[in-house]
Amino acid sequence: MRLHLSTWQEVETYLQTSKAILIPIGSTEQHGPNGLIGTDALCPEIIGGLAAESGLLMAPTFNIGVAQHHMEFPGSMTLRPSTFIATMVDWVDSLAKHGFTHFYWLNGHGGNIATINAGFAEIYASRSLDTGNGRTPIRCKLRNWWQGKETYEKCKALYGKAHGAHATPSEVAVTQFAYPDHIKTAPLSPEIAPSGGYTDARDYRARFPDGRIGSNPALATPEDGELLAKLAAKEVTADFERFAAEQ
Amino acid sequence: MRLHLSTWQEVETYLQTSKAILIPIGSTEQHGPNGLIGTDALCPEIIGGLAAESGLLMAPTFNIGVAQHHMEFPGSMTLRPSTFIATMVDWVDSLAKHGFTHFYWLNGHGGNIATINAGFAEIYASRSLDTGNGRTPIRCKLRNWWQGKETYEKCKALYGKAHGAHATPSEVAVTQFAYPDHIKTAPLSPEIAPSGGYTDARDYRARFPDGRIGSNPALATPEDGELLAKLAAKEVTADFERFAAEQ
Amino acid sequence: MRLHLSTWQEVETYLQTSKAILIPIGSTEQHGPNGLIGTDALCPEIIGGLAAESGLLMAPTFNIGVAQHHMEFPGSMTLRPSTFIATMVDWVDSLAKHGFTHFYWLNGHGGNIATINAGFAEIYASRSLDTGNGRTPIRCKLRNWWQGKETYEKCKALYGKAHGAHATPSEVAVTQFAYPDHIKTAPLSPEIAPSGGYTDARDYRARFPDGRIGSNPALATPEDGELLAKLAAKEVTADFERFAAEQ
Amino acid sequence: MRLHLSTWQEVETYLQTSKAILIPIGSTEQHGPNGLIGTDALCPEIIGGLAAESGLLMAPTFNIGVAQHHMEFPGSMTLRPSTFIATMVDWVDSLAKHGFTHFYWLNGHGGNIATINAGFAEIYASRSLDTGNGRTPIRCKLRNWWQGKETYEKCKALYGKAHGAHATPSEVAVTQFAYPDHIKTAPLSPEIAPSGGYTDARDYRARFPDGRIGSNPALATPEDGELLAKLAAKEVTADFERFAAEQ
Amino acid sequence: MRLHLSTWQEVETYLQTSKAILIPIGSTEQHGPNGLIGTDALCPEIIGGLAAESGLLMAPTFNIGVAQHHMEFPGSMTLRPSTFIATMVDWVDSLAKHGFTHFYWLNGHGGNIATINAGFAEIYASRSLDTGNGRTPIRCKLRNWWQGKETYEKCKALYGKAHGAHATPSEVAVTQFAYPDHIKTAPLSPEIAPSGGYTDARDYRARFPDGRIGSNPALATPEDGELLAKLAAKEVTADFERFAAEQ
Amino acid sequence: MRLHLSTWQEVETYLQTSKAILIPIGSTEQHGPNGLIGTDALCPEIIGGLAAESGLLMAPTFNIGVAQHHMEFPGSMTLRPSTFIATMVDWVDSLAKHGFTHFYWLNGHGGNIATINAGFAEIYASRSLDTGNGRTPIRCKLRNWWQGKETYEKCKALYGKAHGAHATPSEVAVTQFAYPDHIKTAPLSPEIAPSGGYTDARDYRARFPDGRIGSNPALATPEDGELLAKLAAKEVTADFERFAAEQ
């Protein structure tokens, strides 16, 4: 069940049996020569969409993330972390108004993790500092789409040390499965990109000239993508249900 | 051409011939008993997507708008205008970094218009108050998807006084065209909803009990939606091209 | 009745019969070679002041507006829209504390309209997102001083196509009526200024070299100004009363 | 010379010989049973206006101050200090854009002093933290209208220990001089109000039931007001000229 | 009793008999050739620490102040006043949550005074603008460590006109007493530094080349420091107790 | 070398050979029945202080962290993450002004990690979004005091599964070493506290009634603390030197 494709009465009905919602959250940033700029937003949207077939409710996609380090590559977009946090607060305040209490953020971008957790603390702080009893307690959970045990092991099994850390074959594969008309090919040199850390965008581009970190996304296939997306969706669905039952 | 479905090298190539980008901007809010909560985000995304087939570049969708007045209806979401403006600034700062100079905001929500224009002033102010020459001038334009002359007249011809102001048959039709599996039916009483103004969410709900304003969205058909979407896309494409050529 | 010229006990008494207040809101920006920089703040203050003779309460003037586009002309001032909105919030929070519930913003600057409406949404949002019942509902209304039917038609009758969009003869006339010692004369070339849109301050100045848009303010006379000011005050008073009675 | 009553060309001419501007800054808050709510904004405006007859340029009045402690008295208004500072930044950024370098803030409200100085530090910080050379240095000065030696001694000579700290006879007198049609009378009991400190608005009202602190404003006369206003204007003019010449 | 060296149960016990807390607040900025950069934070921490031996509770030190004017001297740090105020709000909100109602800010930096008072107004404003009864009233007090009558007179007796205004011998002495291993010597020329005002950091450095204002800190001795610190602690303790008893 | 105990000339000299600075960053929050509220700020200050004996420069301690979850325990303090980030920005802007380019944040609080990383992204974003060349690149590194290999293994060897996650015996031991006069004893029941996750402060207190998570801090001794502090200091010093040499 997707919020965008539902009516308000359908949401009202949903709230009678569940107060939990899945929010796909990603980023819009370069993913190397053959990865889509939308990869990190599309993956949680694709996997969340499969999970939503089970009946859980999926919010629209929070599609611009914290990606300052990619800003030397055309097309990359970023929110400042302070804007990102303010936006999370508004999303939660909106949904909490209707009675949602469990917020499951299905993330597609490693670079978001810190700021999502900072956002949780900002949201909780408004309740923890409140001496009154005015605000309903809520619960937030961050889940990366790839962190289910089976999903993660499948990634390793498929790609081994060519999986890398950015523009990975697994995420490229998931987008190939969902957008078969937009599969890109490009020469990759070296095959496996360099690894390491970075600071700002100039530093990143100097270290990772084509945008990839440690990966060989040429290994991606849409068949792998289907397999991974469905595996991840299965694990996410189960994890969401556990979370929705937490008190 | 869609930013999310492109690589950074494709965007780099695009920038060699155009510095203009289309940004669909909408809202996530109730649209009455048979309208989708995503209607206002989906319409510019659908129409922008058709326009993007001409080769212009479409950004991801800015999908949460200014919708405080809908907050008494489950599923509605809103940004505070101050958050909305901060987010617009980050989007433009990101894209301007790559050399984009022309920002064409294709809007699907009347309630966004004021704050989008306030956002433009915030963005321009950072340049107008700058005594140096450090920042490249940019241009922003707001365009509602329904404001093309032919589109607007077709809406009137199809629905007349049943078109209304919120949860209109035209916008519902466009979503029916794009999401035929999510066409909703529900009894509407009265057939044409009441009209008028409103202030906050409680006031809105008291005046418009099922969420519609002045409309009869039962008149929507997917066939109308296709016609309207294609007409709007044609007009938007032409308007975008004129804008992209402005100095 | 003017807030600035009243005691707190007089305001306390006023609140026993009315919860409505008129707030003149304008801008401080160039108005061409013969228009005063204060024109857009002075006009609502002048007209609001005439209306206040009927007994309604007028707040002090919100005198700096959103005028980034005028910043290449000496003496122009602007608030960033985000500051403008924060200020509106504080004004309303202050007055609402005393029991005011109806806020009638009498505006003198077209460039403020979008941000005033964004400010309304910010103010309402704090109530619409509040799950408790802690905050009293309030109502805001934006009224441009020239939008009364009779006033608007008189402007057209007096100046026709020379009325224009910025530094109009009508607003210059109103200030000439109120400040007869500060009537300015200056050669205007061309007589009727060019028309069109603009983006930031550099763009504005390039298109409108002397600051006017589409107007011939040499047509202004203090006699016209008196007529227009009184007509507008009459219409504003009636409109304010209707608004004050709204539930 | 008043900014609001000048054209942009007149300001351009002024800037050829002076980069200094006087900004009246006050507050909108109760001033006891016979003092006007606008007293603290009107006094610097009146005195600044007399000073401006000498040819110095006076900006519009910054008319809402930091007055949280008066909020239990109807009609009082306040900016939060954070909003107040943001507004000061925008005023200075606007005027500095045109080449103004010397900002003389003529203050009418003791409660503003701390936050005006905090605002100066905010403005200077943007320059002091700038490692480049991009921003022109500017100078700010705070001057209370009553702090000239002769003015201050005249206040003491006229009212002695009945001068007090809020709703003083001197400030009431200045408004009586300028607004003779709005002279208020009201019984004051006790004649001289109590003195002391305060915290928030509830605390203030409990300690100072009619709003005055330590004063007997029944002593005010319009004749005293004229004398004080002219004396203050003379001293302010001389002080402004010294400041304008500072490097 | 020091918050940092206590357990939460000890604080819980303290709150049974007192709701007051002492917060040392200072700055991190150059203090001339022989003064420590931490001087303004260390002095209130040292004196507050002595006072805390009497049993009052001392918070950790608010150690970065408003010091934009020192930014041309290596090692100086500053908060923007807006950040400073936001931080004060969080400190008070945190401690008020536990039931603290009396906040005694023991200050070591003249440049903080304005912004601390602005911070108080920000904190009070959140209560004064609140129409409900939700927030407990609190009281804040600013006390400079040197402002006790005996302390101040001792400073004058010891150093006379060589005391000056920045990098004073008294504050240097207090740090020499507490950090005898970090006593610095350096030639001072002239012996007594120049006096006067300043604006931003460039202006400050041009006027006060070695950082001092009006002082001869070569006069400082650790013996004087001990005497001053103990005197100040005695006066602070008594003043704190009076404050803690205020209603 | 400690910033607070140095003169500006000493910092100027330091900058001739190093552009790197160590910033201790912690938190002020309950640490169970026998842990000090200052533990998380004291540990990096103690260990950083030992490291600073090698000649590296240590800033003052950033002593209030993100600790909203501890707010139901008296004495705990928190910054909202948005305030925390704004403060980090000011610290870095200040020190970067003097030429520092390498910022080594020695952290003592797990709850800070996400927001510190978000702060890094905020700081880098101001550079990554800058199309000009105005700002010097800087590098930030987060290091938890316990994460050196030897230190971490020593913690495990000493305490095994009684080490836990909050109010650990290792951090308590380090403070016992440094503050032997403030060693606390208290009955702990159960000996090893429960483990698990948490959301806001009410949730935390319900799950962890005495404040500890998974630890038995009764195992701490000052001797262990000395050993751990010195081990950590050794590893931190080496790590700092590697970082300072990074390009």
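Just so it is clear, A, B, C, D, E and F label the chains in written order, and each chain counts residues from 1 on its own.
Just so it is clear, a contact is a pair of C-beta atoms (placed from the backbone, for glycine too) under 8 Å apart; a residue touches a chain by one contact, two chains touch by 3 or more.
The structure presented is a predicted model; accordingly, all values stated were derived computationally and were not measured.
Chemist: Give me the step distance from chain B to chain D, shortest route via touching chains only.
Modeler: Step count on the best path from chain B to chain D: 1.
Chemist: Which chains does chain D share as contact partners with chain E?
Modeler: C, F
Chemist: For the sequence-identical pair chain B and chain F, what is the superposition rotation angle on Cα atoms, to the nearest 5 degrees?
Modeler: An angle of 120 degrees brings one copy onto the other.
Chemist: With chain centres defined as C-alpha means, what is the inter-centre distance between chain C and chain D in Å?
Modeler: Centres of chain C and chain D (C-alpha means) sit 24 Å apart.
Chemist: Taking the mean of the C-alpha atoms as each chain's centre, how many Å separate chain A from chain F?
Modeler: Spacing between the chain centres: roughly 29 Å.
Chemist: Using mean C-alpha positions as chain centres, tell me how far chain C is from chain F in Å, no decimals.
Modeler: Each chain's C-alpha centroid was found; their separation is 53 Å.
Chemist: Listing for chain D: what residues touch at least two other chains?
Modeler: 71, 78, 80, 82, 86, 94, 97, 128-129, 134 - these are the residues of chain D that touch more than one other chain.
Chemist: When you check every pair of chains, which ones turn out to touch?
Modeler: A-B, A-C, A-E, A-F, B-C, B-D, B-F, C-D, C-E, D-E, D-F, E-F
Chemist: With touch defined as at the start, can you tell me which chain E residues reach chain F in the complex?
Modeler: 2-12, 15, 28, 30-38, 41-42, 59-61, 63-64, 71, 73-80, 82-83, 86-87, 89-91, 94-95, 97-99, 179, 182, 184, 186, 211
Chemist: Which residues of chain F touch chain B in their complex?
Modeler: For this pair, the touching residues of chain F are 128-129, 131-132, 134.
Chemist: In their complex, what parts of chain B are in touch with chain C?
Modeler: Going by the criterion above, the answer is residues 66, 68-69, 71-72, 78, 80-82, 85-86, 111, 113-122, 124-125, 127-129, 137-140, 199-203.
Chemist: Quick one: which bits of chain C touch chain E in the complex? Just the residue numbers, please.
Modeler: For this pair, the touching residues of chain C are 93-94, 96-97, 134-136.
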